[in-house]
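Let me begin by handing over the structure; questions about it come next.
By letter and in written order, the chains are A, B, C, D, E and F; residue numbering begins at 1 in each of them.
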């Protein structure tokens, strides 16, 4: 049976700031530059979630994309959209919200919910800007 | 010698409907929702075909993209463009035209033609909408 | 007070066929080519609706884009999404669904609903493919 | 002599919140919904500035796009990029940062600098998300 | 009868260099910077041609987009694609190939051919890069 | 520790021509078609560089994207932008500038500089047009 990869995109708008509270202000300004400005900045984040699996012979679906959309909505979009990623999101407490750390945190949110449906999460990609992307594949 | 991956995109417009004729209307309405509406809907499909190989030392080409374009045209675009994928396409008879099944069917159309030129097909990707993609890598 | 133009985009997927039932099959095949194929084809339509007006001093809004989204949803997206534009849509009965005719028909759907909110409709744009667009400005 | 319109795009990332401090919290929550969340959200803003004029017979330029880029950088991008539009930007003090109000405020920043070069500002467009745009043409 | 605007996009790849042969090398280096480098550079040009008119009651078309595509192909794409705009194109002899001058030159190529079909050319837009655009509307 | 992939995009405009000087003009015309036209053509090239690694626990960064941007600028963009890839670029002497050969040549430029920072280069992708892409992964 063939293995097919399906991807669903979604987006959310959020504020954030790169800041390591365990370090000095000088260290933070040096490490992060403009991304450390105190009053936050923000992004139109685009998230791409890829699922791998065999298409169901009855439906032709690896997974119903409506179900995947609902999982993404509940696990990532609803808690993050129009929020401050440093302050407002329970599962990001203690996480420096770099694109890298966000993809790993989103994976942890998504993976058990997707596994529960019998599907396998393959990749989480996050576009912070049209020129900057991070991807986590679970390794 | 280096292995390089080259990708060519093409597009076609088609009508389809998700419907499993072996199942009841209730099952189909439940499984597919709006995608099961009786009078068809359609998409601007984007297909991406990736070839892997060593660049020819004389030409610098893994494969002439004009040849690849012609193969894609003959194997996929010409039979599918402005057509109904449930009715009009010989090689899709009996296939539920989900994005997943289409990528596998397109791979079967493309792979022998590409192999014949000495190149190796690596991936077939199909964008059903800008937010939904399926990919088949031959596994 | 400044006049500002705000635009909201939305999308829907639909099947259609260009066919003038008052004309012969030969005339239709000649006039429309592939767009006249009998079993329908389809598109990912993108619609852009532009409103003109003075920003409200209290809100900074020409019009709440959420209200505009709801009007577009109710007047255009809901009746057309995943539908056959030649068969399924009440307000398109008797309309040849060219991009040109669709923009005029969508204007007629949208304009009274938008006027009712006190805003002024400026333009309706419809992308049939990423390379083909029609626009109606009410003239 | 022909009149040609030239457009230059640029982008910046910023945090903001829609909030009218002259109104109650209830009014703000009702008027703005998610856009009023207290801890800010943000966007990848895209700004498009259009200049109208006759191409200079010596250069073929309506205006050197490098000069336009520098004016946009100095007047809009530098003060707004990675900033909080409600707090950090001098020329936005007292402005509710809706897309509508931002285009008017950016016009006021850009127009005198562009007029000084002998060119004429025609339009300022601001994309807050890929689906929401505001435009001000100076009327 | 409603006036509808239809737009067709096409693309071509070409080399060019901004250089005024009536001026000194110093003047050219100063006026054009990198765009004056002696051994040419190039672009993926995107051209958008907009036609205005009343939809034909029989076809629903302002103009057959296939006809428009053929006119664009013959008048602009064929002579310019994979060519050097300073050297190879008859109708660009003596024209400094800035985006501004190109849109005016393309208008002159397109306008009589479009008028001959009974349609009215409204606008020619040329994207030199995704961030730089010029438009000529015939004024 | 998780392995995350980060990607940075950049662009440059350049002229080139596909031509193998060891072969006859007839061979070249046959092998390359329009891409062999004598007076060059050009592209808006988009380059995507992907780095793999564990996010630094202090910064949350696999690699500072500003550092990656600077390396891309110095190794690829500065030498190639607004240049003729057959003539002007030292590290492309003797290379037929197909997209395939360019990705391999760019990898050789980028890989030692990236390794020096402690990061690992994963992939170099080059878009010659929005429909043609080449990728090299170092194998």
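As a convention for this text, a contact is a pair of C-beta atoms (placed from the backbone, for glycine too) under 8 Å apart; a residue touches a chain by one contact, two chains touch by 3 or more.
Fair warning: this is a prediction, and the values are worked out from it, not measured in the lab.
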item	value
Subunit D to subunit F, fewest steps along touching chains	2
Farthest chain relative to subunit D (centres taken as mean CA coordinates)	B
Same vs different contact residues, subunit E with subunit F, by half of numbers used	same
Inter-copy rotation, subunit B to subunit F, in degrees (Cα atoms; steps of 5)	120
Chain at maximum distance from subunit A, centres defined as averaged CA atoms	E
Matching chain pair for A-B (criterion: over half of the contact pairs shared, by residue number), options A-D, E-F or B-F	B-F
Centroid spacing, where centroids are CA-atom means, of subunit D and subunit E in whole angstrom	28
Rounded Å distance, subunit A centre to subunit E centre (Cα mean)	42
Residues of subunit E touching at least two other chains	130
Chain-to-chain touches, reported pairwise for every pair that qualifies	A-B, A-D, A-F, B-C, B-F, C-D, C-E, D-E, E-F
Of subunit B, residues touching subunit F in the complex	2-10, 55, 58-62, 64-66
Residue ranges of subunit E in contact with subunit F within the complex	11, 13-16, 34-35, 37, 39-44, 81-84, 87-88, 129-130
Subunit C residues touching subunit E - in the complex, by the definition given at the top	18, 20, 23, 31-33, 95-101, 103-104, 130-139
